[in-house]
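Consider the two complexes below, in which subunit A is the common component and subunit B and subunit C are the respective partners.
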Partner chain A sequence: MSLSASLNVALSGISTSSDQLAVVSRNVARANEEGATRKTANVSTNEGGASRVTSIVRLANPQLLAAVLKSNSDAGTQQVIANALNQFDLTVNDPSLQGSPSSLIGKLNAALQVYAASPQDVTAANAAVAAAKNLAQGLNTASLSVQQQRSEADHAIGASVNNINSLLAQFQTLNDEIVRGNGSGQDVTDSLDQRDLIVQKLSKEIGIRTVTEGNKSMQIYTDQGVTLFNGVPREVTFNATAFLGPNTMGNAVYADGIPIVGGSGTMISTSGQIAGYAAIRDSLGVTYQNQLDEVARGLVEAFAETDPSGGALPPALGLFSWDGAPAMPTTGAVNKGLASSIIVNAAVDPSRGGNASLLRDGGINGTNYVYNTNNSSAYSDRIQKIIDNVSQSRSFDNAAGIANTGSISDFAGASAGWLQAQRKSASESSSYNNILQQRATDALSKETGVNIDEEMTRMLQFERAYQASARLMTTIDQMFQTLLDTYK
Partner chain B sequence: MGLYGMLRTSVSGMGAQANRLGAISDNVANSNTPGYKRASVEFSTLVLQSGGQEYVSGNVQSDTRYGVSQQGSLSYTTSNTDLAIKGDGFFVVQGQNGQTFLTRAGSFQRDGTGNLVNAAGFKLMGYDATTGTSNAVSNGTAGLSTVNFGGFASLQANATTAGKMFVNFPSSATTVAAGDLPSTNSATAQYTGKSSLVVYDNLGNQVTLDIYSAKSATGTWEMSVYNRADADPTSKGFPYAAAALTTQTLDFDTAGQFTSSSARSLSVAVPNGGTMTIDLSQSTQLSTSYTVFSATADGNAPSEVDRIDIDPAGSIYAIFKNGERVLAYKIPLAKVPSPDNLTPSTGNVYSISSTSGDLLVGTPNVGGFGSLVSGALEQSTVDLGSELTQMIEAQRNYTANSKVFQTGSELIDVLVNLKR
Partner chain C sequence: MTTTNHISTASIGMASRLSITKLQTQLQDAQKELSTLRHADVGLTLGYRTGETISMRQEVERLQTITDTNGIAKNRLDASDVALKGLQSGAQEFLGNLFLARNGGITSKALADVAKNALLSFADAGNTTLNGTYVFGGINSDVKPIAAYNASPPSAAKTAVDNAFQAAFGMTQADANVSSITPAQMQAFLDGPFDNLFSSSDWNTNWSSASSQNIKSRISTSEISDTGTNANEPAFRKLAQVYTMLSDLGNANLSESTYNTVVNKAITLVNAAVTDITRLRTDFGSAKARIANANDRMSIQINVLNLNVGSLEGVDSAEASVKVTSLLTQIQTAYSVTAKIQSLSILNYMPNS
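The block that comes next holds the complex of A and B.
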């Protein structure tokens, strides 16, 4: 081999080593960066023995990435549900305030017992009405809090949709860059890392599945197969509702022209934070509201005034009234929003100019409904009857999702139990999914991440190779010198 | 006669060595010129007829040779328009005045007008892929034009003609009643799965195709394609303002694969575009959810050329800003039976001579032609070490010849001085 050719080979050795070292330094610099994978330089030998870095590749593991994406989505859903249920529990069932519907019903019951024992006692009458007011307010607050949670979930869906759209736009930029770079043989490994990171972020919002084509272009589908990205992003649209009342359901999220979250269809996503919010808004929140509405309906019905003579007079609103007054709520079915409008009848409420003793005597709805016709101050039959009504077993709508027969306080207790059970299962499932997500992320990072020790070893290797090539150059230079020295 | 002959012979010897030194100096000067082929000078004798006992010294003739067929080593660069040839062949390039030359100096760069021009100012020639290589001839440069990316704008929008969509249809899906199939375009239409494909019309506009799949009977699926632009604004879907672009029934056997008689593709007339065929051949009907394994379509929106890419077979692709690769030119290689006899001209180019043989133009990598390496340059074949040693040798030879001349001259002096 001639001297010039050897010099060429030595030069290629030097440039290969420095290229490899550049890859090592990139790895080390990004060792602690989220989503950074380990890059290696592929070196090939050409005829003549010269070496060159032909491409830079990264360690990737699509299977582990898919596992991370799935666990991200599942953990996101459960986390959202568990948080919202905790919030329900805190506002509605706070044990220190004794403000849960079932304990307020207990207090009202106790006050009625006292009143029944001394019907002539005006203080006892006022106390019973006050307990009723507390109960009505308790139900109003609980219902408002449920609606607030549902509205927050609706807003969170809006935020999530915005986030998905912006992530998809970023995704397109990177994907185009990768396809373009891949076509012209450029190093696209950093863009690939970035793209994986965006996909991971996206998976927290909604459950996704990705498909990578031969030209490294990636397609994104929801867990149910709706196209989110294929060449260009599909617009995800959602109309947020300012405030969700018990009667409003909130809009569905559309992608690619079909509902993907919070509506009805064959391709509704079930995972990701957005699915969690939709579950709170459309399922758990609605069910809990139904339970509160049924408790309220039970109360309105239990305290209603019926014909004292056993005649054909229709039942009329008693101690409890609502915004549909003077009509009675529909029997046997959930009256949407009843819990939020239930109120103590003004005719009985002393603070609103009413007379608390109407509770004992009846006649809230006029003289036809007066039970205590003798106007006896020791009359307690009506109160006793109400106490019986409250503890009597009645039937509830199945839409409430819990036992459909039982007394009002049984039902309220079952509702509290239902909430606890849902909360427990969501929080268990949330912590389980969090662990899974942690494991999957760890496994991915272990498999594809940068190991500083390994990089340092490689650095030494490349340094030695560089030194050897440099030494070779010195030797060739000396040989040229010898040749030139022959001219003296 | 002898003495004068000696003078003449030594002068020819000095001339020959000077020639050789000239070649060496050219070689040393061009030791870093890409594509330079080393020149050498070979000697031959010229014998004058000697009569009887008298020796008539002859002459030495020098003959300049070029090692054009010698392969230089490749050095890699960072520009992908730097081209090297590995193996036989030459680039066909065009000079300032339009004449064609052959060269192996491939340090091409895009100039202001979009031509690929090498360091010596020669423009690379190739076959324009948009007009096809049908007018290529193998024994001449007809059909070749200069490679130019300036006027590439006309290629930018491509209508979609082909696509693929490989889907698993869930075997356990609920059967959709005939009156509610997506093909009916009724407001109550039901479907099992829906995907969309973005395709391009003749103007390069994006057209989104909504592709609905519905199970119409056990093992039978119906796919209907609608134009998204026709979708109902409130339902964002059915009923569409126009009927389905196409509807196709697919049949699957009990193993979840296409039956032999089933259709395996969709033919869609893209509105204001071409007719595209969506290949479905790898779709299945298995007991899992509606899953798209792959869905792609060709075509591209109007886009600027971002960069170019050259493969070993000489195909130059234009890479658009949207990532699309379009074949723009095919670079041919040319060769002659005796490359060493080509006539060199300024700028590392060669032209055909009477002894080089006829031109043969062909595709890189095929039939004895070398392959192209993008991002590399062929280095000069000069080896400094051997040039320097040859220089010493030539110098010594020259000195020896001059000594012969000196001796002859001195002897003539002696002869002249015989008479005082």
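The block that comes next holds the complex of A and C.
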């Protein structure tokens, strides 16, 4: 082999080393960037012994990426549910604050007991009515808060759908770039990193699975197999509702005309933030509202006036009224929105021109319903009867999702227990999924990320190779010199 | 190129950052638990059992309210008892006078004055008030139960007695001819028309505005009981009858034998009244005992419930303080480890060339 051939080989060593150093500096520059993978240069040697960088590859791990996608989706669902339940929790709050519907019923009970002990005392009557107003307001507020959470969930679904559509559009751009670059042998590793990042973002919104083809094009399906992207993005559509009242259910999200979230069908996604929002909007929120409505119905019924003579007069609204007045609520079933509209009857409410003593005497619905016919000031039978009614066991609708018999306060207590149980399980599963998500992200980052120390040692290695090649060139040059000197 | 124990620089930083954040959140909760000695988030810790502590707290409040209102009932019973005790001793004293009268130890005129005064104190006792309510009013606690007998214009009771006397003997009580009334005539009058004046219905019309329905109280969660009596009880009617017959039947002018008929009838009535009062007072005693028992029971229940609430919602103080200390140590360790890791870089050991 000739000296000039050796010189060429040495020259190729220098340029290979510089190319490799360039890769090192790219790695170092992006060492702390999210989703940046470690790139390495593939080097090949030709027959003459000259080396060159033939391609740049990245460290990728599809299995770990799939694990990250799944954990992102699961953590998203639970996080959303846990957050919304924390908002619901404000309606119950710490038991020591005694602000839950159950505690407010207890306070009304206590006020009634005091009133029963001093039935002639107008102050005691007013205090009982005030306790009843607090309770009604407590139920109104709780119900409103549930409606707000459900409406916010509905809006969040809308935002999530917009995000999914925009991510899919970005995804298309990158995917096209990768397919094109791959065909023409360009370095597409950075685009691949970007595309993985988008897929990760998408997985937070909705549970997805990905399939990569030979030409590096990627297809995206929901966790239930509905196509979101296959060459082109599928349009995801959703109509948000301005405000979800107790009687309104939100709309479903469609991809390609197939319901994928919040509707009925076999392809409803079960993970991702959007699934969490749907659970709050369509299931947890509705159940909690049913419970509040049943508490309200129990109260309306317990305080209702019945025929004092035991005759055939139908029960009529007593201390508590609602927007369906003067009719009584349907008994034995959830009356949607009753908790939002329950209010102290104006006839008993002194601040609205009513007479609190009607609580003792009856007659809110006219003289036929008067219990205290002699107008005795210390008549307490009616109040005692109400106290008994409140603590008496009654039936509740199974749609409330908790024990269907018990006293109103037992039921309200069970409702608080139900809420806290949901909250506990959502919170535990959220922190569990968060840990899984961190582990998966960590594993992916460990496996495919850049280690600066490692890059530095490699830099030393390339530096030495560069120095050696340079020394070779010097030596060959000297040998040329020696040769030329011979012919002087 | 990949080595089995490859680790990226980013993941080293992230690991320590995440663990420190987590420790800090735990420390915040632990500090709260240490200062309140309750779980930082009771609902989150107890889950479905939160329903239990809410119900128990409510039960405590309910029992506490009943215990408080039992105080009202007990006061009413005490006030009623004191008034009845006064009536009883008054009646016994009057009984002494009646015996004296039978033996001629006190003139009929003097006894009539005593009876008149006794009638006044009877009305006073019957109209005993407590916190502005009449204790013997039954559930009509806002109306004065016993109307004054001697009043002007004449009370309904007085008019009824006058009319009955007139109807029976054809003269007024003040008529001097009352001396002609025979013991048999008087006996018939006393057992007939005069007794009727103190029957339940006439009493309610002429004398009493009380309701025969006694005040009832819930003295425990399940027990509703009478916690008072009313001025329509036979004891009241009998005493009123005795004091009336010895003050307003023209007694001073009656013949001795006729007067003795009146006195004898009065002695029977007073004896019966004293027995009736004793029965009422016994009822009060047992009502008070029931209240005391109920209070004892409820206070035990309250203690047990409070203990249960505490054991559900509370944290052990020693445990909480150990937790805070160990978390602080952990965080310190994490800080120093992080600092060490961050200072470890191959750059520090590389030649500067």
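The criterion applied here is as follows: the second predicted complex is superposed on the first by the 466 of 488 C-alpha atoms of A that agree within 3 Å, B and C clash if a C-alpha of one lies under 4 Å from a C-alpha of the other, contacts with A are read in each partner's own complex, and residues count from 1 in each chain.
Keep this in mind: contacts are C-beta pairs under 8 Å (C-beta built on N, C-alpha and C of every residue); 3 or more make two chains touch, one makes a residue touch a chain.
Keep in mind that what you see is a predicted model, and the values were worked out from it rather than measured.
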Check the residue A:Gly449 against both partner chains and state whether it touches subunit B (first), subunit C (second), both, or neither. second
Applying the document's definition of touch, where does A:Ser217 land relative to subunit B and subunit C: first, second, both, or neither? first
In the superposition, subunit B vs subunit C on subunit A residues touched: C
Scan A:Ala50 for contacts with subunit B and subunit C and give back first, second, both or neither. first
Which partner chains sit in contact with A:Lys336 here, subunit B, subunit C, both or neither? Use first/second/both/neither. neither
On the A-aligned overlay, A:Val232 touches which partner chain: subunit B = first, subunit C = second, or both, or neither? first
First (subunit B), second (subunit C), both or neither touched by A:Asp89: second
For A:Lys385, select first, second, both or neither according to whether it touches subunit B, subunit C, the two together, or no partner. neither
Which of subunit B and subunit C A:Arg180 touches, first, second, both or neither: first
Subunit B-touching residues of subunit A, taken from the complex the two chains share: 2-5, 8, 11-12, 15, 46-48, 50, 52, 175-176, 178-180, 182-185, 209, 211, 213, 215, 217, 219, 221, 224-227, 230-232, 234, 254, 256-258, 266-267, 479-480, 483-484, 486-487
Sites on subunit A touched by subunit C in the complex: 31-34, 38, 40, 59, 89, 92-96, 98, 100, 102-103, 105-107, 109-110, 113-114, 116-120, 374, 376-381, 384, 387, 391, 409-410, 413-421, 423-425, 427, 438, 442, 445-454, 456-457, 460
The subunit B residues in contact with subunit A across the complex are 31, 73-76, 80, 86, 190-198, 206, 210, 228, 231, 236-237, 289-297, 306-309, 317, 319-323, 325, 379, 382-386, 388-389, 392
Seen from subunit C, its contact residues with subunit A in the complex are 1-2, 6-11, 13-15, 18, 38, 41-55, 57-59, 61-62, 64-66, 68-69, 72-73, 133, 137-143, 211, 213, 215-218, 221, 224, 309, 313, 345-347, 350
